[in-house]
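By written order: A, B and C. Residues from 1 in each chain.
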């Protein structure tokens, strides 16, 4: 692409300050911005880079004071992140479908929509349904009677097991497994375990994105559910019968144990773990690596620690924890002093 | 399936209270139980659902008092979980074999048993052996001279590397890697690392189930060993030369470092980590997210924390941790008071 | 192999004490060493096994006093680990290439070097480049315009996405994903999220080894970078725009959040997590399971805990943590005592 700043500004509904005829051929992070690139300032700490770099234009918030940069070109927008998303989308369109590979193994009883792309060595089993405009890359597995909604992209090496349902406009990244058996066993008297067959499904609603290398287990009975707009990062484990609410965002390597219900608009930091059979209210935030062991009833609270307690309480306790050796010494000295005082007063 | 309660009761050796002619067409979780379904009560907290739902029958323990539900139909059993396992198994049989796909790449020198199913785009290398009644789904990799016992199921995308051995009646879930190289390097003087080739294997005994997305590394020399009946959940890492005992159960995202030996009948909670070169006694329990740094000699102990200490000790210490700010304040006030007393006594 | 001790000693530049004509047919761990095997002692705690086992020879450090073992055969070397690496390498060569499988789907526009092996059901997309002496096992995915340097091995089921670059002499283990989308979204006013397209790449320099089941996300813009000689274990998550320095070693299940820069020669223990936008100095060590939340400027420091603090400080604080119940009791008793004293002094 080579395009003027003015044209880009139109795409993102922004206002140009400076030279709208500057030519742009790539986006770049501001630390690496050089002539020909368009960059952006979305956080205050990156403001100093405006002076030290030579991007041909900077996308900035309408709150930034530009008077210090008379020689620079800017596009002013309301929401910098949303503008970048729009811009990159415009100039890096979804890959075109390439049709159904002759090397794919598609069962004749599967229903395939219009304008579908299925890559080489992908397996689609009997009775599966694939909506319009779906891209299934090479080497994927779509089990019997599974269902993929329209506009969805499934990346190479993902496995979607029998009867599971993926909504519209979802993205499933590479090597993710949806619908593997839940981890359920009945302990027998001799100490061995008998498998409890997992006969439920996983259902994923519309506009969900799931990262690479995740595992989402099918329900024992009923369904494991990811509601619309939820975003999951990589290597996340979702156990059987879990439910994750709308627009909830989950960072990498989180694990959620069986039957827990996560509300809408929650944010879960990386490597957090949530035990089974909990109910987590809407808008709950878990700090990275938290270990949550109880339900949350009030909306909008924030948690931290192992086991997790309220965020501010953890911070305060941890501040003392760091000084425990000194606290301990102080206590011992005080004890001695009191012993002396006691001796004196009894003398 | 549509079957009477009486017939189901026979399958699980239970006794019917109520109408044994009720027709059942599906199992369901008790929270979602409606007419036509059979449900179950395995934990006390689910008892109230008997009144609020309309399942056509409930499987319950012989310890439950049923006098409060004169209009409901029950099947009474000794062990609710084991009965569910039996019931679901009876009505959701293992998928039938479909023979060897013409799209599989099976080396002519491989030995394939009777009634084996091998899915499309699976690779079976030279000298590999596959026992009777094995199902290997599509897109799996079975390396040279690897060995899979009879009755085992290997799900799509799993990789079993050269010379590794899988026992009878095992289940390996999707995208799991067995026999990748252990993480072994010799540090050289210039700070770089020289790879130590990993020439051992992974050996998995009978009736082991391993979840999706796990990685079990081959031994440097000798073998990494998973003993019979062990059950591993998803995304678990097992390093080189680890050994895991019989009927040990490991929840998702656990990591076990090199050469550690875990005993029989242990239970390891999700996201726990166990450092290398330890010996863990039979029956040890690790709470989720624990970080274990030392060997356990006594059987049947329970651990918690980071680093892990005995479970009850961690609970007691953490109870004080939560009040550390108050404890700190109290100590400071006491210090002042003592200073005053000291001043007074010296006045 | 069956070879004399003398011959093996030449390979690793060692000196034989004892019978250089002993015949060796396998390496073994010292705990399992029997006649015919060569074993080694790399840590002090394994010294007692010299007496209790019957290996035909032991590789030992020149620091070990051998006078207690007059009947044993030894090969004395400077660096035991490096010698093992050399020895195993000599006797377990890299698997031979088998040429390009007729079942691979290689786009005609891809550039394939000399002596390349490409396994069955591997996909190589348009414009990709594969250097000389590369082994790409079966069922791998190499996206459009991706680039693999010479001498590199890519194991079964790995996915390398469009435009990513892998250096020379790298090893990528099974089911690892390189170049999946970074986790980037702009939050909209209605609480939903808009995807920020990830248009950067992953670049991996020479002699890097990456374990099984890892996910390395492509940069939003620019590159996610793994520098030469870095070694990553299994199930590791590397987020967009992260950079990992030369010869840095990272154990299994570590997660590194977006834009964090890790220095050279760092060591990161298993399951550690590092938050985004940090800079970590060369030679930093993180204890397993640490949760790092701030940048490290000084080289060669060691960290532990959640959140991580300096290693020794964490140890000291945790030592008091374990005794918090007793400390709390002591404080309460002291408080009573002071109350009494105060009462007395005011009486």
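Just so it is clear, contacts are C-beta pairs under 8 Å (C-beta built on N, C-alpha and C of every residue); 3 or more make two chains touch, one makes a residue touch a chain.
Everything quoted here is computed from the prediction, not taken from an experiment.
Although chain A and chain C share one sequence, what matters here is the overlap of their interface residues, and that overlap falls short of half of the numbers used.
When the CA atoms of chain A are superposed on chain B, the rotation angle comes to 120 degrees (nearest 5). With centres set at the average Cα position, the gap from chain A to chain C is 25 Å.
Within chain B, contacts with two or more other chains are made by residues 121, 139, 157, 175, 213, 235, 253, 271, 306, 321, 323, 327, 331, 334, 338, 341, 345. Those residues of chain C lying in contact with chain B across their complex are 26-29, 32, 79, 81-82, 84-86, 88-89, 92, 101, 103, 119-121, 137-139, 155-157, 171, 173-175, 207, 209, 211-213, 229, 231, 233-235, 246-247, 249, 251-253, 264-265, 270-271, 288-289, 305-306, 318, 321-325, 327-328, 331, 334-335, 338, 341-342, 345. Across the complex, chain B meets chain C through its residues 105, 121, 123, 139, 141, 157, 159, 161, 175, 177, 180-181, 183, 185-188, 191-197, 199, 213-215, 217, 219-222, 235, 237, 239, 241, 253, 255, 257, 271, 273, 275, 291, 306-307, 309, 313, 316-317, 319-321, 323, 327, 330-331, 334, 337-338, 341, 344-345.
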